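Each chain gets a letter, A, B and C, in the order it is written, and its residues are counted from 1.
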């Protein structure tokens, strides 16, 4: 069977898998104006249970396996998380009508990971009977946190540079500078760059310097404290250090697919309802949100293949690495970014991620990367 | 074993089935003043899961069977839905102290279908090991929508006729008509019936005509968009066009009975707490609510038997047709009726349905029709 | 194998059981500042399902067994419930800076039973493969209600005595009594103890007498109507009189451990967040909350052993009796006490119970009593 036909057959067939079908169904009924509402508290507990299950799976898996095989995929996950931010900085941010801080924040959100998208990816792999390392879900924080940290650091460095330039500019033209509330006192040295001409400016510069030294640890701490990551890491710890097999096998594992189907429905409806937000921001966000999941996923897929051929990382694991790279954060990312880059416009990054990025990642990228892995591995698609 | 003893034994035994026992239990603890509360969001998700499961069952069943055997039961479902409204129009509406619009709205609600009652019916059939067509749940919208449409159309035709009569009456006695704000100008023709005597009346008559042409499609559309029907139809579509068997068998199907037991408890408590509302309306609503579920159910049972003897529709299927006819809508019906017949008094139709109609339909009609089917089919009741 | 080593091995191993591990995990992530929140409505339905399951288990068990073997454990449960209140009255209440009413209310709460703690105890017994009577969970109300009734009665008797003393004191020094608004009229008899000197005092004394005659039935009624007990008793009734086996085996039983794990997590987080409340009250509450679960548990364990050696009550049953004695009420107790002893300070008894009593009871007493039973019975701990 040739590569292309194998890939296409598989792609189409996956759209009928329950996970993707519920996502598309959610978009459909939202488009048709359905009044169906899944209560907020139900979505919260579903996300908790999915991430707890992924954490438990990972913890139990790590307990029973060697950590060394995790090293290379972990490093690749960190790399992808950071690279995605720089990709946004040097592509999206350069486009017309796109503010640089908004672009960096969007890059951070697309580098961060969506637990729901990852859960969908794991489920589709199981539905297609493709093997993967049970600890693969534990790669989540290794891509998620570096992306958010990188975005906040890059944004602050940019904002600081901009401020300095403006300050320098205003100092060079002290008379014209209408932004300076107090008239410059006699004896100032406008030719002496960077030197504060008065107390006010000195203070703002100090603050600027303060912002420049972005503290990385509080960002990491805030990410870890977020409800999504703390549920997953608690699961990981419980899986590692205790014996949760009875609740795992009797509760978290069997409920996983069903709960995911409800969440997919909600995400489909949510994506449709967020489309309106995109009209308010530059059209380039839509273009970015369509291309980015593929670009990031392919980058991770390529790195994953290196691990596949060198350390025997499974093709299923490569798909998971690609899927978490393709995903964009929906729960933990937005609040962290809002706190870290307050000057960025949330409707730019949230609209792009929820309305376009996530449906593309789940509905198109998951089948695409699964198909790619099956075509590379020569695996026939399961009917 | 003779018909009556078979019927009575079976009836009593069914009251101990979990589904009915939880309903009675709910009424009991509400009567005893229990402070137990099941959160609203839990009820919402339970109703969603039950209707999604019924939809999936139907969709998977239709995919694997021929549509032709569905035709006759479908037609009967539509007939019953419409007939129920006319029965209310020519019985309940004629009773003293009962407003005609309230009676028509009540008829619409009793013609419409309760997903929970249907779920209870399906579960009792399974508990009694009685076979039924898996697509039988899909008859729901074919009775539900015609009933709501018929009620709204009939109510508007009535209101319009009434208005015309009043207008004609006020024109016949133009001087006495205190309701006319502007004195009638000279040169009016009170003998010329229906002709607008002044601009104001002309406008109101135009509006009346506008109301007379009740648009049917928006009512259907609103019914389909309601949370109950859209969950069920989405399930139907997913069952038909995708492969949801894994989540169906691993999640929606096994959780069905348990979730239903919680919902039955809530409905029992709700029924008890709504009894107070009935005191505010005419006592005839109580009489109607007791008799109507039997009358409608027997009508549907009779039509179902025709399908049984002609096209081989199962006796279990006949029971389901009778149960959905006996049921009255609790979720989707009220808002549609409130929007479609705003002049009707909601506490008349909601009180009658929730406090009396539903408990009678579930607690008495389900065992009654199951017993009837077992007695007709000569099936021994399962212990 | 000697007693102590058997006991210690078992104690440590149980901390890795999912039930206790989730409790400790909850405290841990709360201490680390996690933003994880389990919605209120989810906790409500989990508690309902756990108590419904315990009730159903008990009801089905009682239906299939003789009631006579329940008599002795029931009497012991009632005894422990009442004794715990008197222990608090004569220990905690005597300590410095501790108000007597607060101490009695705290005793009532520690005598009352926590459904979640009992559920955790039952689950740990199952995890350790220790047999117990299926009706043991039905001992709950026999300890819970007597404790609450005793606390309210004892508190009211105390308050009434105090009032009389104060009244007597104020009458003995009528001139100095600034609290008396009206000046005492001439002709009063201060030597005539207990005789009302004026109308105002007479009225207050009448009220005092009214309070003295504490009505016991309304307290019992309120306890039974509480959401926790009414869910459990409904389950008991359904188990006894109907046939709920299908929903029990397909829904309530399999979901039990998983739902409990979520609740344990919530209780761990709640315990941590309540620690702050303890700073506001006397330190003796902390000392009491640490010692009381052991003292009450050991008392019940001792009585349980009498039943074990005389009527063959299982060692697992003895552990359950000890665990419900060690537990302190978290749901039904506080509102009943607040209504029954309005002058007691809720942050004294709720803080002591939730922040210290419950974690000690679940995390330390359950492993302790299980270990004790295994050491006594010579049962090897299950790995």
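Assorted remarks:
Heads up, the rule we're going with is that a contact is a pair of C-beta atoms (placed from the backbone, for glycine too) under 8 Å apart; a residue touches a chain by one contact, two chains touch by 3 or more.
Treat the numbers as computed from the prediction; the structure is a model and nothing was measured.
Taken as a graph of touching chains, this assembly is fully connected, with contact between every pair of chains.
The pairing of chain A with chain B is characterised as different-residue: of all residue numbers used at this interface, under half are used by both copies.
As a whole-number value, the distance joining the C-alpha centres of chain A and chain B reads 46 Å. Across the assembly, chain B contributes residues 39-41, 255 that each touch 2 or more other chains. If you check the complex, the residues on chain C that touch chain B are 39-41, 44-45, 48-49, 221, 224-227, 230-231, 234, 237-238, 241-244, 246-247, 250-252, 255. Of all the residues in chain B, the ones that touch chain C in their complex are 15-18, 21-22, 25, 28-29, 32-42, 127, 254-255, 257-259, 261-262, 265.
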